[in-house]
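Listed after this line are the structures, all set down as structure tokens.
In the two complexes that follow, subunit A is the common piece, with subunit B as its partner first and subunit C second.
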Partner chain A sequence: MSKQFQFKLVLLGESAVGKSSLVLRFVKDQFDDYRESTIGAAFLTQTVTLEDQTTVKFEIWDTAGQERYKSLAPMYYRNANCAVVVYDITQSASLDKAKTWIRELQRQADPNIVIALCGNKTDLSARRQVTQEEAQKYAEEEGLMWGETSAKSGEGVSEIFTAIAKKLPLTAPPPKTAARGAPGAAGGRGVDLNRQPAPGQNEPCNC
Partner chain B sequence: MFKSDAIAKGDLALQQAFPINVDFSMTMAQTRHNTIDLRPSDSHSGLNQSRTELSLSIKADSESDPVSFLTYDVQGLRSVLAECKRLKTQAEERKQSDSPGDYSWMRYYTVKHIPVSLLSKIPPDLRTINKPLHTLLSPASAGLPGDDEFDINLIREEWVRSKAQDIASRKQINLRIRIGTFNVNGKLPSQDLSPWVQGGVDESGHSTVLPPLQPISPFSLGDGAKGILDDAKETRSETEYDTTSVESSTSTINSASKSTLQSKSITSASVRTTSAVSSSSLSSENTLQVDTYAPNGEAQAHAEDTKSDPDLLAFGFQELDLSTEALLYSSKTTREDAWSTAILAGLGEKGALYEKLASKQLVGMLLMIFVKKRLRDCFRDIKVCAVGAGLLGIMGNKGGTAIRLTYVPPSDEGWLARPVTVTFVDAHLAAFDEMMDRRNADFHDLTRRLVFDVAANPADAGDVALLPTLPISIFESDALFWMGASDLNYRIDLPDSDIRTLLKTEPRERGIETLLEFDQLRHCIRDGKSFAGFTEDRITRLPTYRFSSGLLTDSLGYDMKRKPAWTDRILYMKSAGTDLLQESYAGHSEITFSDHKPVSADFELTVPFVDDSQFQSAVRTHWHQVGDMENNDQPPKVKLDSTLLEFGPVHYERDAQKTIGLQNTGEIPCAYRFVPLDAGGPIHPPWLTIEPMAGLLLPSEAINISITVNVTKESASKLNMWTRKLHCTLILHTMFGKDHCITAHGEYQPTCYGNRLSDLVRLPGPMRELSDREKLLSEEQAINAPREVMRLINWLMTYAAEMQDLFLVPGDQDLVANIRECLDTGEEFTFKAEADGRYDRKTTIAFGEALLQFLKSLVEPVIPRHLHSKCVQINDRDEAFELRLKLLQVWISLTAFLHFICQQPSGSPQDSTPTVSRAQLLASIFAPILLSEDPSVYPPLSPLGRRNFLLFFIQ
Partner chain C sequence: MSTELDSTGSQEKSGGQEQVDWETLRTLSVGPGGFGEERVTIWPKLLGVNTTSFASASEPDSEVHQDERQIKLDTERSFVLYPVETAENANLKNREALQGDLHELLVSIFRKRRKLSYFQGYHDIVTVLFLTLPKELQFVCAEKLSLHRLRDSMGSSLEPVLGQLRILQRLLHLADPKYASILDNNSPLPYFALSNLLTLFSHDVPTLPVIQHIFDYLLTRPPIASVYLAAAVLLSRKEEVFWLEQEGEDGMLHSLLSSLPDMYEEWDDQSEPQPGPKQQEADEESVPDETRSATAIDLDEAATETSEQEGTAEEDNVPSVEQIPTVETAVSDEEEFIVADRGECMDIDPEETLHEQSSEAETEFSREETLVASSPPPEDPKDTATAVMKEEEPHGKMEPVEETEVDGSASREDLDTAEDLSDKAAQLDTETQLCEEVLVSPPAEHSHLAESAPPSPVSSASTHRVRKARVSLTFLLAQADALYSLYPPTHPSLGVKTTLGPYSVVSTWSDVPAQLPDDDEAEAMVLRPELVVLPEPPPSPESDEEKEEKSRRKRRRLRKPLRSVRFAGVVVERRHMVAGAVLVLGVAMAVYGVRAVPDEAGRHQWRRVGRWVGGVLVGASGRVLDGLRF
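So, the complex of A and B:
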């Protein structure tokens, strides 16, 4: 019988970098050109099945990027097993903001948290302000996972979540969160296996 | 496999599913008898016997046992087989036998059953239904959702119930209830009980009943009643009446029959009603057979059934029988009959309108229910129970008896109301002052063990499918009366001499008020030790225990050996949808034969008349809208019209309100609740309230959530010197959806109310100008008394000394707020003096009120709490003046001012209490404030001691 794991994942990053779009693409394989900005935090779940039939269920907290909600973020990243810190490759200031979030996570979150830095909006690479080299170098220095995505085209999205699933300590099931029921607005539909990268393909992450 | 739904009739409910894959197999055969017969029973009729019975066996896979079905429908079976074959072929083609498959389509066939609790006629438990909905939800906080499924269930049930009730409500049901409780100390009725059983009598003399008659007894009221006694003597060889009592009763026959007009009417009524008692009593095995007498036509003509008469009377007795053998369970009911006769007699000519509906006795405790005869058939589903709590926990000397009944008013225009359930408990708890913990334990024991057997009367329960599986608790009612509060035996925690002095010297109302603050039962309710959630009306009667006729009594008739106490009580608990108006709560000192006084209470119970069939169908309709809301692919969507609330300046004790529009913009129903930021923390700060805290919205439905800011004296003490910024974040969680954040800001306007005197003397200027606690003066630089209190005293000294009712009547709150604002800002008072330089009465009274409120708001009273125990022991003035106080100036100014106004001539002719000096009156108001009680100290210090201490300074 295949193993099942459940992890809490939090998305952080500046306003309008595409956190909610990234989640929507990952969970529902959809994209909205015009999304309202998140107020507070949204909760979704998605299950990833790895090659060895291990399933990893992500409980995803998509937080608000606006500055006025910054004080709430600790409520959402506490007890998180992994964090995806998102920046917009067309806005160099958003990487600075991402670095601030990473410092805060390293200081205040669970010491074993797996952090992934994610450059979104590769569909707009013509307007790129953050080079892959710059971001990758920073990620290496800080020991983070790194990848680029486009929530709009879907490029790299499932890859980065799958990579996180692989990186998470799958030896023992993590302690369950307070959720006693079966939270999951997205239901239990699995990831489309056809869209999973074939083994041997280049890993999108530098880890 | 489907089955017809037992509750939602006509619907099919999914019972079991068989995946059709490569392992699926089925076989068809002729009838076997070891199969499950699913045919409707009428198919067994002779006509069908000749038809071929076919059985179908299905095996999901090679390991599972086959499941078989029977049918006559050859055609139907053929199509089923064809479809199964087709699906199996498909499965074999795919060869994905291990694929888990997608069964989400099945949820359309698995609509959850309507919870039985929604349709049940048994009301929900009062202990949970009265708690705010949000307190029952699962623990959750921002980022840590609780059990959303569990929460949806609670919120949804509440929503469906209230919607259905609104729709099905036609008008109102009124039920007038009178309750009486009496510890009779083993005595038999030897006096007219009319003051008690006719209720509504206030000791202060607003009596609607004639003054007490000479000692009489129902046994003395005529040949008819006497006959009962004779009969009792004949039928029971060992009668329990002691002969002296009987003789004394009979000896008064003549005087009674010759007395007033009223006693005559009692006579006739009692004769009539005896027959009703014996024929209708439910305690059939207990009924004493008595001869019946011809109804007295004259009495009947006088008895007029008016609306104001109670529809139901419940009387609880304690210590009905003190004989030794009565300590064991006794089935003799001679005493019950004596009392029920006396009660009906006490009702006067109205007695003819009533009959006994039910009774339950446990040795000394007896509970009897009488109802209007014309409503007899409206009372149904009567259940009784009793448990002992005395010696060894099973003997009947202490304990409780209970009766539960439902009331369905006569059907109206074809509508049939859902029943109203009322439960009565008559209890007798452990005695003696120091046994409070035992009494509390007795209470909890009784609430657990007093249960009604469901099986006792299944015919009354209606739909068998809705029968509960557990015994019914006393709390599963619309209203619960614990008149058992009848001798509850809770006492007053004060020294004996304090109680007697307060009762004798104080104006009655004030003395009672003061004593009630030390009432054990009230303390227990407040601290949640017992009777949590129960309500008791204001007590205006004198303590009802213990009276004696011997020499050792005080001038009020109380036994010198026992502390007077309110041992006899009537409490109630009711559901939110039930209106219960208490019209009286009185003791009846005219009845003197017991060492307790009887107590009565009148209630008017009003509940919506909810048509049962409309309710049931409304429940189904609404359930259909929300029954499946947790099984949706899409997350709920809501929109808040604002997430930032600016309250602007926030003043002490002044409401500021904002509303937020919440709209469901999704396509599915959405349940929401507010959750705390931190697990286990508060949902909102103490200075803010949210209404409603949880709820449910249908698609496109919108509601308003109101957010109110109010800084009370408790919050003020934590804000004044510390912060001006009010800021908080509220988290609105949608079930299986987002957390929404609402931020609220306000600019707190600090006030001199709700502080410590020791901080106020360190203020460099007016309170409002203090920007930071750091700016307070050092202790050395502190002034000797706060400016604010000195300004108030100075003003009062100048303009109010002659005002006789200063501090005695409440002041206008707007004026008080105006005065407070001037104190806080340091500005001059803005009131205009009249031509003679004086101020009008309203303003003057407001200044007095402002001072009282200021003193009450202090975090530590003027006399620090650690000195109180010393203060109450001081016996002379010199000693009192030697007491070292840190902030002496405030105390001296205050007491000097009070002393000054006591010296003013009392010219007022309206002074209603000339026997009490002004100094004593002021001491009774100021002592509880200047030496305010520390609720954590138990037992509390003597209130008289506090007053005496203050009197040394002001007299």
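So, the complex of A and C:
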């Protein structure tokens, strides 16, 4: 049977850039026009199946964006294998905030963490303030993955997560991190279910 | 105005401000429906608002508060679940208009009280006031609430609420050390309760009547009551946690616990029609079916029924798992247990005895759960699941669709999360082979569970699904009061005084408005965070005692013969626990009535604890006994 991996992913970024919406699109392929603010953090999982039938299960910690919740973030990125740092392409200040997060990750997180910079809200590109060139250039300089997404339309969403899955060290088992100390601190456990939930397949019968 | 309030405990007093009969209101607040319509006049009094001559909103102060951008971001995504436009409130403003009004209200508060900082979730709290009170009272009530109850969270950092989380953690350890340890293994602090404490549950309760009732409860009690309620909620999730723990999904536990259980009102035919429309709204909001909880589905059905039949069918729907006939043996067994313990503890300080008894009751409780969760033979999971379901059928309440029951553990914020859960459950049911794979690799980190229960996620999954139930709000509130009375804030092991400082609302709160700090003084307190929350004390030597306690419990558990497991034994557990708590409380009240004395700094916040809990308890035990008679 094919290989299964489990990785911890943390979402960071300024308030209202669409972190929760991005995850909702990725995990459930849905979008809410009104998505409430996240308090503290939310946890979700999604499994991606790669071409070689390797499955990668993401344990996703979706964090709150407001500055005052910042002190909680280390708990979520401390043992993360990957981070998606989100900005809003219509708010140039949100890219600055993303850069702050990236610096913090580079300083404090696991040195092997895979970081993806993600420009969200491409459906609003008429109001774009951050050019692709600018963000891409920054990402290249910092050695980050980069992509643009629209949680609303779904554009680019599965691509960025799949790209992360491919970039993660799939040759070695995911690091067994300490089991205690932080929410979600437990690393890969190899009990993943060997499948990719397709829309419709994972819906509990509701009739 | 005051005449109609006499019945609800408010006494008229000349001179504008009316005296509040806290005890009466506390008792009322726990009952089904809480204050109902009366809360419009009661809340302002509880908040110390002088309803005859209150200050209006700020003068048109044009200077922008630093948090207004964040306020805008949050109000633009507010009113997601309620209110709902229905036939009765067809003239309700549309969402954008409501958001505009809420934004204006929030901004006016921060422009007047400039030292306060906005936190995400504050808008959820104010939304409840906004939707409950007439416009002229909204500002002044929100201002008082902010200054005298929410202030700790309105400084520049999260530290004060983390202090509350530490107290919550200790409270859980007092109430149920074993369970608390499981939670500790997942998270250094009970972070899943963060939004409950920060937002007084308003961020997490999906319907207006339920959160209004919770506010009835909280506003009639000292600010720390939210910690006790959070503990009661967490303790009510124990079965689900044990199940998830066996599944070995740490994050899922966060998901489960950061969403509230589905809470319902016990007042049969009035409660459901109110949540009903909201649930419909959830539908209209295009929350797809599979993401909604089973309990939400119950609600939907209820809503449909009530709209069709004007609420007559409601009574049949409401009884949930907790109202299923009690297993007599379980109760008598527990009594026996307590008596035995009383013997053992004869020479000990009465407080200690009480503590012991209560934790015994809890031990019994958890032991049963463990047994049930672990006992179905793992060999044939599918059959077990079916058998359990069959046993349950005569009770007539449970959803035959098992997967959705699992889904029921989540509510709106984390719906997506639960999908994974239910996903997994479905998987487990249908693909035995996979189940076996899971079986051979139990999560190694959770050895303490492994020792009390075989790694049988399949059987426990089925048990869990069947057990998933709605929780009565009045039950939770009574539980919170019971906890308060057993482990009042003066309890040394809670460390309230070593955690929260003299500027914390917990220290400055008073039932007597004249003894509250003056509004400006209160506002200025946020600038001294070091006096709001104290640095975390070094690890206490308590842990040794705890270890000993744990091993003692284990020994007891082993001594007890394994009782044959019947499903009915599971469904009564919550009731069982209240029964235990109430028995203990009979004695506890006497003790704490005497012991709850003012301590330090002349603040007298706990003086009345014993008295008001007493009133509440009469109601709670009455309900429990009613249930037992079933």
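Worth a mention:
One rule holds for everything that comes next: the second predicted complex is superposed on the first by the 175 of 207 C-alpha atoms of A that agree within 3 Å, B and C clash if a C-alpha of one lies under 4 Å from a C-alpha of the other, contacts with A are read in each partner's own complex, and residues count from 1 in each chain.
Just so it is clear, a residue touches a chain if its C-beta (ideal position, glycine included) is under 8 Å from a C-beta of that chain, and two chains touch if they have at least 3 such contacts.
These numbers were taken from a predicted model, which means no experiment stands behind them.
Of the two partner chains, both subunit B and subunit C are touched by A:Tyr69.
In the superposed pair of complexes, A:Trp61 makes contact with subunit B and with subunit C alike.
Within the superposed three-chain model, A:Ala16 lies in touch with subunit C and out of touch with subunit B [touch as defined at top].
Partner contacting the larger number of subunit A residues, of subunit B and subunit C: C.
Of the two partner chains, subunit C is the only one touched by A:Ser37; subunit B is not. Within the superposed three-chain model, A:Leu24 lies in touch with subunit C and out of touch with subunit B [touch as defined at top]. Look at A:Asn79: by the touch rule set out above, it reaches subunit B but stays clear of subunit C. Shared contact residues of subunit A with subunit B and subunit C: 38-44, 61, 64, 68-69, 71-72, 75, 179-186.
By the touch criterion given at the top, residues 70, 73-74, 76-80, 95, 117, 119-121, 123, 156-158, 185-188, 191-192, 194-195, 198-199, 203, 248-252, 254-255, 258, 285-292, 297, 401, 403-404, 406-407, 412-414, 416-417, 419-420, 422-427, 434, 437-438, 441, 443-445 of subunit C touch subunit A in their complex. Considering their complex, residues 15-16, 23-24, 27-28, 30, 32, 34-46, 59, 61, 64-66, 68-69, 71-72, 75, 179-186, 189-191, 193-195, 197, 202-207 of subunit A touch subunit C.
By the touch rule above, subunit A contacts subunit B in their complex via residues 38-44, 61, 64, 68-69, 71-72, 75-79, 177-187.
Subunit B contributes residues 104, 138-150, 632-636, 640, 643-644, 677-679, 729, 731-732, 736-741, 743 to its touches with subunit A in the complex.
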